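One structure is given below, represented as structure tokens, and several questions about it will come after.
Each chain gets a letter, A, B and C, in the order it is written, and its residues are counted from 1.
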Amino acid sequence: MTKKKNHFIAYSTLVIFGLYMIFPFISTGLYATSTAWSNTILPEDFTFQWFVALGQDPNFIAALLRSVSLTLITLAVVLIIMVPTVCLVYLYFPKVDNFLKGLVLMPYAIPSVILATGLLRMYAGSVVPMYAVLVGGLFIGSLPFMYQGIRNSLEGIGAKSLMESAEILGANTLQSFLRVIVPNIRLGLLITTLLIFAGFFGEFVLTNLLIGGNYETIRIYMLRRMSENGHLASAVMVAYFTLLLLLSLLITRLTSAGKVKRKERRSKRNRRAVGSFQNPSETVSLTKQ
Amino acid sequence: MSYISIDHLSLSYGNNLVLKDISLAVEKGELVTLLGPSGCGKSTLLRVFAGLEVFQKGDISIDGEIVNDVAPKDRNIGMVFQSYALFPNMTVFDNVAFGLTIKKVSKKEIEEKVMNVLELVNLADKKDFYIHQLSGGQQQRISLARSLVTEPKFLLLDEPLSALDAKIRKQLQMDIRALQKKLGITMIFVTHDQEEAMILSDRIFVMNEGKIVQDALPAELYEKPKNEFVAGFIGNYNILTRQQKQRLAPTFSAEKLAEKYALRAELIKLTPAENTETIDAFFENYTILGSTIRCYFNSGGIPLTVDVLNSTVDVTTLQNQTQLFIDYRSFVPLQS
Amino acid sequence: MKTKRPNKYKLWLLPFFTVTALFLIVPLVLMVTSSFTSGATGAFTFSNYTEVFTNAFYYQSFLNSGMIALFSSVVGLLLAIIVAYAMTCLPNKIQDKISVYINLAANFAGVPLAFAFIILVGNSGAFRLFFDGLSIPLLSEFNLYSWQGLTLTYLYFQIPLGILFIYPSLKKMRKEWKEAAFLLGATNAMYWRKIGLPNIMPSIAGTFIIMFANGMGTYETAYALTGSNVNLITIRIAALVSGDIYAQPEVGSTLAIIFAMMMLLILATSQILLKRVRRDLA
């Protein structure tokens, strides 16, 4: 009998929390669709003019493209290096794996600002282009997240015995890796990639400190616009979140676009392998703002 | 020359010696079991056959050839894992066909062989299913089929039945044994269940702490456990010190003097028989195991377990029992 | 196999360790040496440290950051526990969905968050007008661009972070424990004191440390909200290393080293304390 009451309290708590979480989104949305909202509780009008203005601003398009290209380049580097490394270490070098477990936690103890300080110390004014340094810095920032993501997927599928059984059946290491391991961690990998994508796309600290004004990414553009025209800035934010949302939807669609039979099985397995709550570090790297 | 043999093999992880100077031989067409408690090194030894473990000393040869450094993929053996290790991204058919596609066998031949082996394990109708759609017992049968289809020189089974319920386990024990006899394939089976080992095996290697402590036929193992560990592990024995044996059987002297003796519970009788001697004992308790009744007696401070057939005894009269009857030849001297 | 096979794969690990060395290890080492280098002469010196320790301005920046981090993580943690506990009462299906939304919200921190709070509780924010309209002086003393405002804003991303770490351990608390305790005659309070708390205490403490570190290290949100008006350690360091006029990279490195040392110290002591807490409460 107290169960019902408990549920009611639980739901109310969550609704209040949900409102708190969603309020900033709503207010940003309202601000982006109005021209005057200064002396009233709700905005006085409704308009899409800021979005139109945004579409016509070459700086916005440029910032967007910069963010996208930076994200894609960094993501490519991270994936090419991290996937083989984590797989190899997990399968064959347990000692190195233990060492990595500690190493990837470094970004927790060392906030981006400190990392940026070290990188500036080392590379400012050197022959190494700051763009490459930025990619390197972002790589470091994504370490805990990427390592955990790949490792959880490998653990979830029991990669060790899958690999062994493939090899006993006559496959060489590369064949086993490509035909057995990769197809089975693909979805876990994609989700990790998606989350990192969001993190890179919205990166501010390293970009601002390392390259700053010379390379205006979407968040830097956002900040500059904020002090000039709040409505326009809000429109940028709305566009930014819509984009993130669309990208997430697109990528998850792509994964489940395989055979219908596979879809059901994959989502089932994936929930086990990379359940969102089994891996708190996923969000952490994104919250380091 | 035996079909598969291991010669003075030692393996350690760092300072931890896991396999200590192991030697054993398996003949073609045999089903042998590596039996022992967890941590005794039986699974590690099995993985040595597969080439999945790095060892430091000794040799392993298959079919007269030393294969120490042959990679797992080139050994042409089959292995069934405890966790099945089926590929979740593939259908039943694709799982079974995997080994053949690697060997670039023609499509027609693959189809034929896969279907044959699926018939063999009675799962031909599940060929288009994904692994997660099958029960544990079915998954293990697919795992068996997958390792048989490449016609391996021999098959390794690493506690393949331990994750299944008792009923399915019993059924699969029978199925595996029947299949093994039918195909005449050599199998090395790892288990910690002595009953399973007895049911399945032609020969049993009992392992403890990285060593093989006894190598025997199932019946022989049961009748003559070599030492206290084996007797304790197989169960059903009264283990007596020399002094205790002396008190129970003062007129008996074994050819070899041992510190400990095993006495099988069902060889102690409640009624006199040929060649039996009488000892005094009083009844303490009993438990019904099913077809047998396990009675607990005490003879001058020495606890004795006695197994009798349920049909031959009336439990209400047990407390009237003051004597037990033993054939002195039933004492098995144990090596220390 | 008598010979070790995987050795040939070791080469594949090279890119990873190169990148980590180039962009994490070496820069950190250089930062340490830089903190002992004089900005003017380039010679070895302790002067950067003496300056940092004697200058009240730097001391204050640590204090400010620490206070904001402390407040936002204590309050955030309490709220996180309440919300996470509420989540465990719900069916599993809903639980999974909520976690997805929390992930999404985490991306909001930084510039967008700062701006949203300006709209809501800034000088002419909607909530301020709402309460003013009702003549409730709830927000009249409140200044978003101060450390109070920062604390409130930080809470927005601290709570989800806390939930993400607390929730799994709350989830691990078995219903059977409670049932077993009740059957043995324990009251609800006794259950929490003897079994519940000792079991989640380590993860609460661990979560607190992570939230505190996260609060200390926050830069973007603070920078977007207050520029350089509030004297925070992250903002100070950033200004020292990248500022155009007042750039003093050696002093910046020194602050960064002290900061990193503090973080490591906090993480290390928390590990030791956690072991003790576990033992004492058990």
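As a convention for this text, contacts are C-beta pairs under 8 Å (C-beta built on N, C-alpha and C of every residue); 3 or more make two chains touch, one makes a residue touch a chain.
It should be emphasised that the depicted structure is a prediction, and the values quoted were computed from it without experimental measurement.
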Query: What chain sits nearest the middle when you go by CA atom centres?
result: A
- prompt: Compared with chain A, which chain's mean CA position is the farthest off?
  reply: B
- prompt: Could you state the distance in Å from the CA-based centre of chain B to that of chain C?
  reply: 55
- prompt: How many angstrom lie between the CA centroids of chain A and chain B, rounded to a whole number?
  reply: 51
Query: Between chain A and chain C, what's the gap in Å when you average each chain's C-alpha atoms?
result: 18
Task: Please list all residues of chain B that touch 2 or more other chains.
output: 52, 71
- line: Given the complex, residues on chain A that touch chain C span 6-7, 9-11, 13-14, 17-18, 20-21, 23-25, 27-28, 30-31, 37-42, 81-82, 84-85, 88-89, 92-93, 96, 103, 106, 108-124, 133, 136-137, 139-140, 143, 173, 195, 198-199, 202, 204-205, 209, 212, 219, 222-223, 226, 230, 233-234, 237, 240-241, 244-245, 271, 275-278, 280, 282-284, 286-289
Field: Sites on chain A touched by chain B in the complex
entry: 157-158, 161-162, 164-172, 175, 179-180, 183-184, 261-262, 265, 268-269
Statement: Within the complex, chain C is touched by chain B residues 51-56, 68-69, 71
Message: Please output the residues of chain B touching chain A within their complex, sorted ascending.
response: 50, 52, 71-79, 81, 83, 85, 87-89, 98-99, 102-103, 130, 132-133, 146-147, 150
- prompt: Which residues of chain C touch chain A in their complex?
  reply: 6, 9-10, 12-13, 15-16, 19-20, 22-24, 26-28, 30-31, 34, 79, 82-83, 86-87, 89-90, 95-96, 98-120, 124, 126, 129-130, 133, 156-157, 159-161, 164-165, 167-168, 171, 210, 213-214, 216-221, 224, 234, 237-238, 241-242, 249, 252-253, 256, 259-260, 263-264, 267
